[in-house]
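Worksheet for the structure shown next.
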Amino acid sequence: MKYGLSIITTIHDWLYSVMPEWLAGLVEMILIAMVYLGIFSIAGLFLVLMERRVAAWFQLRIGPNRVGFQGLLQTMADALKLLSKELTGTEKADKFLYNLAPYFVIITSLMALAVIPFTAEFHAFDINIGVFFLIAISSIGVIGILLGGWSSNNKYALIGAMRSGVQTISYELSVGLSLLTMILLTGTLQLSEIIEVQKSGWLIVQGHIPAVIAFMIFMIAGTAETNRAPFDMVEAESELGAGFHTEYSGMKFAYFFLAEFINMFIIAAIAATVFFGGWLSPFGITESIPSLGVLWFLIKTLLLVFLMMWFRWTFPRLRVDQLLTLEWKYLLPINLVNIVIMALLIWGNLIIKF
Amino acid sequence: MTNEELQRKIESWFPDPEASGLVFSMEESQFLNVSISPKDLYDLMSKLKANDDTHFDYLFCLSGVDWSEELGVVYHLESTQHRHQLVVKVRTPDRENPVLATVSSIWKTAEFHEREVFDFFGINFTDHPNMKRLFLTDEWEGYPLRKDYEDEINMILK
Amino acid sequence: METTTIKSNFKSEEYFINMGPQHPATHGVLRLVLTIDGEIIKKVDPDLGYIHRSIEKMCERDSYQQIVHLTDRMDYLSSNINNEAVCLAVENALELEVPDRVKVIRTIIGELTRISSHCLWWGVMGMDVGALTTYFYGFRDREMINDIMEETCGARLTMNYNVPGGLMFDIHPNFVPRVKKFITHFKTKIPEFDRLLTNNVIFQKRTRGVGVLSKEDAISFGASGPVGRASGYSCDVRKYHPYSALDRVTFNEALQTEGDTFARYKVRIQEFWESLSIIEQLIDNIPEGEHRVATKAVIKLPKGEYFQKVETARGELGVYIISTGTKNPYRFKFRSPGFSNLSLLNHIAVGGKIGDLVATMATLDLVIPDIDR
Amino acid sequence: MGYFSNIYNGIKTLLTGMSVTGKYFLHSRKGAITQQYPDNRDTLKMFDRFRGEVIMPHDDNNEHRCTGCQKCEIACPNGTIEIIWDRGIDEVTGRKKKKIDQFIYHLSMCTMCGLCIDVCPTDAIEWGQNFENSVYDRTALTRVLNLPGSKLQPGVED
């Protein structure tokens, strides 16, 4: 990372030397945004590929293996195909909102990436309300889904969008509360400091029982937040065809699709950061080589992503009322009790620290 | 009940078999066949279902038949309790506007089967809750399973 | 599962939604016109005929040997049992006694067809409630049966293996060992099906208490097969009117009493075991002998009416022939199980949600060509 | 306590389900049932009885076994087979005799029912195992099965 950092510093110094300070700051921000956009649209495509290979292996299949070595370029080819497709739409759609919806979804998911610490240095925006920012941003995405479903003037899409609204608003609570449980341990919302705290043991170890419960709730609620099976009521292909994006095609569809995968990555990344020490290596085995942090971060995140895929390819889908029962009758009360337990633990100093 | 018992039972319901066109037959069939005139059809059917000795609660087949001069419906009945079977036949000579009584209030399965018969034979069932075409489109002309149906485009004869 | 009735002060409007003819859950070109209030279904109105080929009219034109191959195309998942129904009807009419070997082979192949059909149903059932992986597990086992069929009959789906008078050709020498291998393989897989789907808490929540059909309604609607048996209505044709070699085997009729979607699911899982047991009883003692009795090249049925019932994977298939003594039937009617089972959909789906309708429809196991004929 | 046992049982069944799929994931290399067609074309062998298309085998002397009796044409439910025949003079006996000119087979209409092969008295036609029948033009599916200049194998008619 030293080498990489020196490039960044060089560019930073050069920008500030050739133009006025306000312009240099702006150009720098745009550059960073472009880099993130580039990296994560490609990473999103590879997540799609991973999903397809994992699904295939669960299902006694081989999966895509024709385009490129072992099918590595398959999703690139798919993206190119989607780019070249005609953008169709319904005649009586609300054109403005219809076109706006995919951008809402993709932009919010990309915005959330900004605060995630990949390593100590590779961290675009270390805001002191990091967790709060993530929760706030991730609930904006649902507006895009609601808009898309409503404006396409299709009954299936509308049902999907309404289900999505119900679902996201309910599960927002559990995501927030389970993270709040962990905030009690760290005492800070800033993600870099949350990781700093974990140098004396990952939070899931520090907080033991309530932390494990919080982790489970977070994973369930997080899966629901991203509208993935078993909570894919929004798409529910056997019930609603394709749900809210029934009427979208080409690149607009690809945005929805990509956003789903980036959202999944974000949920897994938050879980890795908050519960499993982010870029910290287990027991500090590679502490002397900080550039390996990004590797540890990716391993942890992808393992959690795999877990979410495992859920998806094993479980049947819940019905919409059962989804709400699960949230309001099970997750929320448990979560509230869990916070109290966690507070008692900290008060009694029963946390495990190395 | 054996076929003879069934026959005696049904005969006892209709004091005037001539007027209600009641004919029994065992020939050329593995079941006891009862023919009845259209006006007494509903009466016979509801008795067959309601009577505890006959208790025909399962209508397992309802077929329309075009007997060239007449149109008819054949009901295959079975009792799930006594496990005896019976065939009831009804015919109407009116080919232009055939009308029969519905049995869909006795056996719910008849609702769909009668719609099928209406669709393919054009037999109208009175008091049927939803008498409209089932398979074919509403604007289809003619009734395809009738023997005199002709369609030069879709029908290939050998 | 508790039923919730919500008294609403909101003014809501019912609306129509077209489920099908192109919809993933209708498994073919069935169109359901749904009247919906929010998510709650108020009325289901099936619209049929998208693949009606008028097989009954074609039968009036064809000879009896030719009719057999048309029945493949009705309920294509139990094509062998459909074939058997026509052949049995013709043989009964001709008073033709087929050799024991034929009877036993027909029964074995019929039960294999039933297992294969239920395998597909199991996969699709999982898929309809959202567990996509089940589809491939179901198909893996179905593939083994398809291979057995392909080796013996030459085709995988539309076999046309039965002819009036017996079987088109004798079984392949590999048939018996392959079937035995399949039995041992499949016996380890049914518990796996249970672990993956049957016991799953989400699946049970989705299916228990959904789409309840009472016994009286089941009889009145003419429900047959697993749909009827799940309501406690004992309607197995194999028990009441045994045909082929079914009178010499012992098996239990799979019965449940709840009548809900989960009961229909369990009946089919139970039928896996029963069919396996029937095959096991017969596979080791297939009698030697001819595989076919010679019939005349032109079969003319004596004047009269003939009815034959068989139990397909979906329920009771009836074949009703009216013959006037010529080489073609005067009227050929199929009483198809799917048609009657579909007619009760409106009755049991009303009041449920869209997700319930999909789960209910999956356990009715509709094959649309069977309904449309 | 029902509340907590519900949660416990629920999670247990979910984990059991995951163990089933997880097992297959670990054995994914061995368990894959995918056939990588057309890569496996060389090893892919259909069963002997596989019904791909109807063929007419010819021996080395370009002789087939079809006498032109037309039984297959009559047996076919779809009009798939058409036999154009002619009367030629038999070289041995010098008498006029029926022989086939063209045995036309419309693969596009064939339903693979096997009745023609079943009915053939001289085993002149049989099943071919070829299943790769996609063509750009429908007319390519109409085939003449007897090779040009082919003759009837001697001794078939006896």
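Just so it is clear, A, B, C and D label the chains in written order, and each chain counts residues from 1 on its own.
Please note the rule applied: contacts are C-beta pairs under 8 Å (C-beta built on N, C-alpha and C of every residue); 3 or more make two chains touch, one makes a residue touch a chain.
Quantities reported herein were computed from a predicted structural model and do not represent experimental measurements.
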TODO: Return the chain pair with more inter-chain C-beta contacts, choosing between A-D and A-C.
DONE: A-C
- [ ] Could you find the chain whose CA centre sits the greatest distance from that of subunit A?
- [x] B
Open item on the list: What's the distance between the Cα centroids of subunit A and subunit B, rounded to whole Å?
Closed with: 64
TODO: Take the average of all CA coordinates in subunit A, do the same for subunit D, and state the distance between these two points in whole angstrom.
DONE: 52
TODO: Express in whole angstrom the distance between the two chain centres, defined as the mean CA positions of subunit B and subunit D.
DONE: 43
- [ ] Indicate the residues of subunit A shared as contacts by at least two other chains.
- [x] 58-61, 313-315
TODO: List, in ascending order, every residue of subunit B touching at least 2 other chains.
DONE: 158
TODO: Could you check subunit D for residues that touch two or more other chains and list them?
DONE: 14, 17, 20-21, 33
Task: Pairs of chains in contact (touch as defined earlier), listed by label - done: A-C, A-D, B-C, C-D
Task: Residues of subunit A that touch subunit D when the two form their complex - done: 54, 56-62, 310-311, 313-315, 330
Task: subunit D contact footprint on subunit C (complex, rising order) - done: 62, 65-66, 68-70, 72, 133, 136, 140, 143, 150-155, 158, 160, 163, 168-169, 172, 192, 195-197, 199-202, 297
- [ ] Flag every residue of subunit B that touches subunit C in the complex, lowest number first.
- [x] 27-31, 33, 57-61, 63, 65-66, 74, 76, 80, 83, 87, 107-109, 111-113, 116, 120, 134-137, 144-145, 155, 157-158
TODO: Would you mind writing out the residues of subunit D in touch with subunit C in their complex?
DONE: 9-10, 13-14, 16-17, 19-21, 33, 47, 49-51, 71, 75, 77, 111-115, 118-119, 127
TODO: Would you mind writing out the residues of subunit D in touch with subunit A in their complex?
DONE: 7, 14, 17-18, 20-22, 24-25, 28, 31-34, 36
